[in-house]
Amino acid sequence: MTNFLQYCLAGLSIGSIYALIAIGYTMVYGILRLINFAHGDIFMMAAYFMIFAMVDYAIPWYVSIVLVILVTIVLGVIIEKLAYKPLRTAPRMSIMISAIGVSYLLQNLATYLFSALPKQYPSIPMLNKTLHFGEVSTSLVTVLTPIVCIICVVALLALVKYTKVGMAMRAVSKDFDTAQLMGIQINNIISLTFVIGCGLAAVGSMLYFTPRPSVFPLAGSLPGLKCFIAAVFGGIGSIPGAVVGGLVVGVCETFMKAVGLSEFSDVFTFVLLVIVLMFKPTGLFGEKISEKV
Amino acid sequence: MEKKTKRICSVCAAAALLVLLILSYTATGTTSMLRSVLQLGAIYALAACSMNLLNGFTGLFSLGQAGFMAVGAYTFAVLTIPVNKKANVYYLYGVADGLKNLALPSWLGLIIAGLMAAAFAALIGAAVLRLKSDYFAIATLGFAEIVRICVASSPLARVTNGSLGLKNIPGFTDLGFIPAYFVPFIVVTVCLVVMFLLIDCSFGRAFKAIREDEIAAEAMGINLAKHKTLSFVISSFFAGIAGALLAMYLGAVQSTTFPLMLTYNILLIVVIGGMGSMTGSIIAAFLVIAAKEWWLRVLDVETYIGSFHVPFLRTGFRMVVFSIVLMVVVLFWRQGIMGQKEFSWDGIYNRIKSLKTRKKGANIEKANAGGGVNE
Amino acid sequence: MSNQNVLRVCDATMQFGGVVAVDNLNLEVNKGEIIGLIGPNGAGKTTAFNVITGVYTPTNGAVEFNGERVVENHPQGKMKEMYRGQNDGKYKDVKVLTPDKITKLGVARTFQNIRLFKSLSVFDNVLIAKHTNMKAGIFADTFRLNRAEENRMKEETMELLRILDLAEHKDDVATSLPYGKQRHLEIARALATNPKLLLLDEPAAGMNPQESDDLMKFVARIRDDFDLSILMIEHHMQVVMGVCERIYVLDYGALIAEGTPFEIQSNPKVIEAYLGVDD
């Protein structure tokens, strides 16, 4: 029973992180119809930024957190402006290749700058404190993660639902061209999407790497893929969908590990993807899109 | 240009290539790098063409190439490792009973490797080919990762030797009077010829029709499911063979031999060569491999000119330069070397003629060709 | 049911969510006829084409081609409650052939918003349509074991291009053709599938009176030369009245009139539907 609770908590925690990253995928896809293959690598870069800030420059952790989030956002926006914006009218395959190119570049850049050897992630002492709830013991970060996730998601949903910018975002994701005709500054909205997505990726990166020992240049690629799957599972373009998808993937993965199938936990994620796509091609909460003939 | 002239040109060109190849073999010393680059280039050319058949000709954006290559490579390795070396390879987990006395000749191993990859494609094709473009990309990518995880997993350890991978894979051997060095070129050439024949026949045209407009293709009586599956299976067959050749070339394979990065590398070749051009892929494969494995190696070595330390040069810089090249190609030179065109003497002839008649106009033409070739 | 029927659409209803795009459509095309399908914008004409060619599955109803049911459906699942059309339980089976199968049976079409294989040559555009009736398999075809068939396909393609005045453009990229020629090419491509029934979706769109006049003669000519029946959607009344033997009029998805051009012209319902909409 204790174990069960422990696994639940762990699953919830990793699921929340996946949810945060999945939101980045789902928002970009919703607006640009682009799988941002580089998102997982932005997540990885955020981890390196943290190492830089806290280890190389010895900046206190509370300043580092803010700095890292800001720098990650800047990185994301630069990527959008340089790699995606020039291809706005290009066929979709080109943009997808561009995204893959960015991912390739970031991974190689990280290998070059930080070497392929794993680097230790700086620990924030407070977050690694062990907590005890009766029999269940866990670190603070595990408990904190779902809470941070909930706060972020609620704030984001409020932004999308109740603000003018949010309305513009919804409009753009519904119909790119018409939104433009209605006077929406499309480039600002797209930039904002990247700001939010990368900000959440940075937060997710901190929560993800704190309980883990090290960072390496390919560390973002598998979590990135899983989060994309989470986004697809929930129905790409839907923020609540991404959250549900992230949680499902996280919890399933943890329990797969719990029953001793850790080797296959990733396989399971991909199989889940194929099954979902076969029976519900647009995911749990996705809207059906049909092509006009 | 007349048919006869074209034929003469083709024979001359083929002969020239053959002579160059033989020269690369007979010349010794510093050229060993050249030889391995040429072999690896040929293998990548096959892999790139197989990807192009799917991505460039049928318009199905697949990212599963590394997975199918892994299937081919592992199938080949499992079937052909010599019996007396098996104990050495499987020293940790032991070898599965059925495989203990099994060692097929290389040529049979190659064919089975291709067939195995094709069988996998047929199996998953039914599920994933119904997906729309980006979902298809992700699903195939997922498949490649699953293959990678599975071959390294413990239940298959007695077959695939877990994360240790397989070694002592038979390399290229002399084929009668033909030296071993030429074997990969022969295999690749045969495969490429088949692919060229395919893209130029009615089925190849049907693939292109699907790329251009699925709805119109279906309205013209082309069975989408059937033709997409065919393209997927054939592409995977050749990817499997490319994987097996890679296993022969390397002599050892592990699950880490076939990372997502490999798919990206092949995609890079396809994009540089031009999506929808086999000749483009072939040219790009040799260029990219030569640049990556040979010419740009200097970028990875710290260099001093006199006492001046050349900045940036250290391990990994080569790949950064490479990625930047890819980005530049994607952003500014979208049609790649060949666009959607294949090499033809007429093309060369016309180009020379247009260069002669209006040297100035060439720039304008180039600028025009830059826009909208892809769509 | 007479043997003369090439196409019979029976009680076809197409409902998207709550919107009824085609409402209980009954339509017949007899052998050798040229039939017009007219109606104001958004009346459901193209949707009807998509139902006939298998692109959409009708919510209820059936389509018969040469007496063979190619499409049949009745409201199912969620649609059971949402369904707003007629339903007398006449259609029990569910059978939907994919568009390629229907094409293979002999129904070819053109598209309202031209859908050519854009970057391929004019010749290839037409040749591709010959693929569906090819006998050789992929192996025989790849290794050139069907030279004779391939040559015949190419000759037939060339012949078609000649008939449709496209021979001189055969090596041009499809999209480089002028608009009117592109429409011709679409028809050539459709003819290459050896159809018995040709569906033309606004073939005269964007044409001037002279061109429309030519088109009219052209449609009549291909009907005779290729032994076709033709169903066409058209807005140019001049064309429709000039060439069609019978006309169906759709409004809001439902059939409001049917008859000879003369009957239609004087039908008060049709005049009402078009009043102020068309010239």
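First chain written, first letter: the chains are A, B and C, and each begins at residue 1.
One rule holds in what follows: contacts are C-beta pairs under 8 Å (C-beta built on N, C-alpha and C of every residue); 3 or more make two chains touch, one makes a residue touch a chain.
In this text the structure is predicted, and so the values were computed from the model without any measurement.
Asks: Can you name the chains that touch chain A as well as chain C?
Replies: B
Asks: So, comparing each chain's Cα centre against the centre of all protein Cα atoms, which one is closest?
Replies: The most central chain here turns out to be B.
Asks: Most remote chain relative to chain C, going by C-alpha centroids?
Replies: A
Asks: Between chain A and chain C, what distance separates the C-alpha centroids? Give it in angstrom.
Replies: 47
Asks: Between chain B and chain C, what is the separation of their C-alpha centroids in Å?
Replies: Once rounded, the distance between the two centres reads 42 Å.
Asks: Could you tell me the distance, in whole angstrom, between the mean C-alpha positions of chain A and chain B?
Replies: Distance between chain centres, rounded to whole Å: 32 Å.
Asks: Would you give the residues of chain C that are in contact with at least 2 other chains, written as numbers and ranges?
Replies: 55, 111
Asks: Which parts of chain B, given as residue numbers and ranges, touch two or more other chains?
Replies: Residue numbers touching two or more other chains: 215, 375.
Asks: Send over the residues of chain A in touch with two or more other chains.
Replies: Correct list: 293.
Asks: What part of chain C is in contact with chain B in the complex they form?
Replies: Going by the criterion above, the answer is residues 53, 55, 98-101, 103-104, 108-109, 111, 115-120, 124, 127-134, 136, 138, 141-144, 150, 153, 189-190, 192-193.
Asks: Flag every residue of chain B that touches chain A in the complex, lowest number first.
Replies: 55, 59, 61, 63, 124, 127-128, 130-135, 137-139, 141-143, 145-146, 149-150, 153-154, 215, 259-261, 264, 267-268, 271, 275, 314-317, 319-320, 322-324, 326-327, 330-331, 334, 374-375
Asks: In their shared complex, at which residues does chain B touch chain C?
Replies: The touching residues are 194, 197-198, 201-203, 205-206, 208-209, 212-213, 215-225, 230, 340, 373, 375.
Asks: Sort out for me which residues of chain A touch chain B in the complex.
Replies: The touching residues are 29, 33, 35, 83, 86-87, 90-94, 96-98, 100-105, 107-109, 111-113, 115-116, 218, 221-222, 225, 228-229, 232, 263-264, 266-267, 270-271, 273-274, 277-278, 281, 291, 293.
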